[in-house]
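Both complexes below contain chain A, partnered by chain B and then by chain C.
This part shows the complex of A and B:
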């Protein structure tokens, strides 16, 4: 009974505040010379979290767990980055503030603009224009041509395309299924009319059939030849593969794998044709084998995965340093500021998970993985409760993207799967990826709130 | 000094973060539990049972609704049975208990309220097995008469 009382937590937000207080206090002592700016930024981060959390609770903005989990992940990221390099930490905090603003902005925009499912062509055009401009004027950082620089400000269009790629898939299935419905309804219409004549009028049939009759007329007017063409599954497949092809052209291995897995998962859920799925898998196997022999960096990734120790001073350096770091940490870690995660190249972006494992221990690492588990569980939960197919696929797609992304990068740094460069959502240093993650989960938050439309009832005849 | 603090804090952190995870899992568990409780009904009281298949309706609805002193049905937030059906008015109908009997009344809905497929004009008394039609939804009125038989 007493134990039960001890475990009765009022609210996880208090723990979140406490963790931040502890770590920012520690960071204040760590960075020499003593800098009160750290304490101020810590207070700023805590204030931002609390205000946003209260706003979500008070304004009843739907799911309240998403934001808590995101905040915990982001604060762990900020603390780790501050410890690696205070400059990164400060930038990450300002990006975090921007991310929260965009989170709420995405929430508002997604909720108050209706008809997101009708802009299928807009998403396609947007995606391809961004890809083409990236290839035309993009500069390469770290082996991949995926950055656009405007002034002193550089960003990765591919991170934004992640969101609109999901929108594209969702809008496509909405288009296809909504028109399928119309067809089946019109087929059933004749028998329905017979029923009216023959039997006494059943009130329930009256209601349910009323709506499709109206929509048939409007839908047929809207459907033009273009829609008919796009509805063909092969055209859809072609468009989806174009995305992946462009990403491969930019030498973005991780993202193209991510796009493909997300696409295939949604395809598996909504497509009845299992044979087509197998063909897709076969095609990708062929693409993989071809790229292994033709593209040198795919080859390097695979050989360093199979045996990084063979070329430890050069190609295998990064992954072996990561493994050393994780091993160094042990169960409870070396303690913040006492390890040496900076030995790993690119520790602030791709390899931040190894740094967390080194300084916060394997238990800390597992807790991070569990946080992602919960986040993805919430995402699926939201997707399951939504009835509208467009919103459902958007929720599902966003959840899948971040779930797979986490798997790809954590699997990569612990040498479970070949390493490909994607960021760890919410933790890694990286402007565009952090912001696009915040926008995506803002949309998920918007979807999680049930629409209560208080407009007057539709009048029946 | 810093080393000692860092060593202590790493243990505190591990405890705290699992405590945080535990807290969130607990909240989610309570959330799911309350949903399950909503679908269970109390015995010995009349209730409405959903006749439609729940999957066919595109809004949230429960299988059972217990009836109280006054049960209001409609789309507005203030109703005791809130259904986001677009054929249901903000204030659609109400069921009032009076001396152990239950009465169905339409409170100015647009599409009307139906009892056994007939549109009701006035207050009607409900008996066990009556079908109440509101919007796309159809309920069965169940009043167990075990007490009377005994």
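This part shows the complex of A and C:
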């Protein structure tokens, strides 16, 4: 039945195979002298894709489209990177292979280890230790102190913290909403509001109760009182802002904005206190204004966004080069290998989207945007079908992270919003970000499997 | 509100974000991309220059003024065959210093960057051979340009000559100038020179017109027809408590409009102007494109007419004699003069005659349509007055034996303290072939004394050249 479905011609895997054949073929003709290694790489990428996809279908691992979309994006990235610098392309292929392994590993680990929702404190401790280690021993690349080197291997802890940050938020709400007790609020709030919030919270609780809840009574008293404290929304807010604060300390503007907007979105979904939401927005506005006046790099980002032409040969250089590249591409692009995207500094990481626009045109760029949109659409769909609040928030968090990250970097390189350095998920060159993206979507894949099982169970009943 | 509903809100928000990317990219590509592909900092654009043999620039008779020479080592160099002679016409094209003049206005044509050139580009990308740019033929006459330049040597100022019936610019000289062939050696000196040798005064020099504005005011007086032009000039006139004195302080005695023009009587023009009123003075100025953009294939600086309709009487009086805050360019003035030479129809000035591809296919020919400004009768009346100015008035130094020259002198007061010396004119009056504007900046002498003899030589040269045609 499933196999039958696979061989139907309209199956999207064929599109992937076709696109890869086309692009690697073009690349083979473009790079001189002719390098058969390109054809071998293309065959390798296609084989990896097809085998993994077959595994997902045959083992019924849940959502069939997530993997296809991220493979499409990754292979597009590989082709562009190969075109920019063959070394990057080759390395990205091996990272893709590693990413696929970790994708399935994440799938297995997330599915077969139970109780992810109970390690709230572990997530918090892990995150803060990672942050402190980065600041203490981290080295600085591109203006941000965000790399840790162990031996010859260097990675960005913040990319890993993206996942555990989502876990932290999910575990927090799980803890708060699974308890029968009234949520503790600060005394400043009036009781009428409390009642509304609490009754809403209880409504949300109704369907989470089918999940086995570890009863609080079995925990030792110390954790118990700690839980009570953490459940306070202000303690939670404090912890979340600590993450953002640490990222700002590392001068990671893009990531801190990303963490904030992901946090705020989930906060909006699960908190009914409108005032508190507005306070958060106000607070961030104040932080923004203060950093504009005190932190020179924030100031630079904003002024080069408003008018990059004023300092075109220096501070505005990168963004204007990016705009030149996009302008050059027109709607249909110069064609693979026929543009000059290497005029843009760091084109292989943050500015890869401009390279795509130059050589594949704005239509190519829009297709990429739509692919991301499909991807996050799948993510939202999975989140909406999940009943367990922890898994739901994890699914939502991962979707939001990659959705907003895409917007932040694409919006930045096209000068729609101020430019902040984050990578374009799956396409940019970069080990840690690619791997953490594969792990994240491996987890999403695992969650999607759960959904289908539950749905089937419902149908059987 | 349930969490499901709020998730939908977040989905909508995310969709808006993604849609805004798509919308912005589309907007960018439609409205902004075209300018960016030609931005001087765009390295891709410079790369095109390396792949193209920049076209030649020729005068109206085919004399090569600028060309690109491909040397044996495949390096290209731009050569300006007449050094500083065309510095303010052709300008320069340099990777380091950018572009100016024709090299800048017609860069796309010189590089053959037109839309129908996709095939050539494709050929280039396959064979690796350079594309040939297009050649430009200018309306400039090389001989006239040479003569004009030699007349202006050692002075500061501008000469512009044009065909009043077509708008073709025949000569355009601005002094001081520079040699585009040795730009890189002299750049520092040129940019720090207080006399601004890089400034093209013909197009961008803004000067008070002085008395050469009087023909325009006279046109308004004739159009109105109600002003009594008879006046007894005593040498000064008091307007709103402000004494305006004449160049000739002893006074011109009894005169009418024609006589006022011949002797360039400030007091009578100031009186007639104030009687006409601000509305009519402003209307005639706007009609002659003063304070408005003068369309051309060259960027002509907008002349200044910084007055609104409620001008004070002293402002009106000042404008009536071409002073006050009024500022004009030499190119604008030769265009205005040509209106009287061309039966009241203005031909906008242009400098590109035609574009031809490397295989001599004509890609573009300029055709200029006239704009009626004043009636033929009024134009001819003014023309007659201007002939009288040269025959019996302040413009006597522009007289040419056997030919009626029409002209008007101007001696413009300005903040440097030394008067600018102006002359505008055209000839022959019965069938004008050439119109000129001459300005000598801060010359300190009257237009009749300093500028008129130069204009005379330019007109003479022009007429000699065209007598055979």
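Following the convention adopted for this analysis, the second predicted complex is superposed on the first by the 397 of 461 C-alpha atoms of A that agree within 3 Å, B and C clash if a C-alpha of one lies under 4 Å from a C-alpha of the other, contacts with A are read in each partner's own complex, and residues count from 1 in each chain.
One rule holds in what follows: contacts are C-beta pairs under 8 Å (C-beta built on N, C-alpha and C of every residue); 3 or more make two chains touch, one makes a residue touch a chain.
Since the structure is predicted, the reported quantities are computational estimates derived from the model, not experimental observations.
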Q) Which partner does A:364 reach: the first (chain B), the second (chain C), both, or neither? A) first
Q.
Contact-wise, after the overlay, does A:37 reach chain B, chain C, both or neither (first, second, both, neither)?
A. neither
Q. When the two structures are overlaid on chain A, which partner does A:338 contact: first (chain B), second (chain C), both, or neither?
A. both
Q) After superposition on the shared chain, which partner residues are touched by A:121: those of chain B (first), chain C (second), both, or neither? A) neither
(Q) Is A:279 touching anything from chain B or chain C once the two structures are fitted on A? First, second, both or neither. (A) neither
Q) Just chain B (first), just chain C (second), both, or neither: which does A:29 touch? A) first
(Q) With both complexes overlaid on chain A, does A:372 touch chain B (first), chain C (second), both or neither? (A) second
Q. Taking the contacts chain A makes with chain B in one complex and with chain C in the other, which residues are shared?
A. 203-204, 338, 370, 377
Q: Flag every residue of chain C that touches chain A in the complex, lowest number first.
A: 1-4, 6-7, 9-11, 13-15, 17-18, 20-22, 24-26, 28-29, 32-34, 36-37, 39, 41-44, 47, 125
Q: Show which residues of chain A lie in contact with chain B when the two form their complex.
A: 7, 9, 11-12, 15-16, 18-19, 22-23, 26, 29-30, 65, 68-69, 72, 202-204, 207-208, 332-338, 359-361, 363-364, 367, 370-371, 374, 377-378, 387-388, 450-454, 456-460
Q) How about chain B: which of its residues touch chain A in the complex? A) 1-3, 5-7, 9-14, 16-28, 58-60, 75-77, 84, 86-90, 92, 109-111, 114, 117, 133, 135-136, 138
**Q.** Contact footprint of chain C on chain A as seen in their complex
**A.** 200, 203-204, 265, 268-270, 272, 312-313, 320-321, 323-324, 326-328, 330-331, 338, 340, 343, 357, 362, 365-366, 369-370, 372-373, 376-377, 380, 383-384, 392, 396, 400, 403-404, 406-407, 410-411, 414, 416
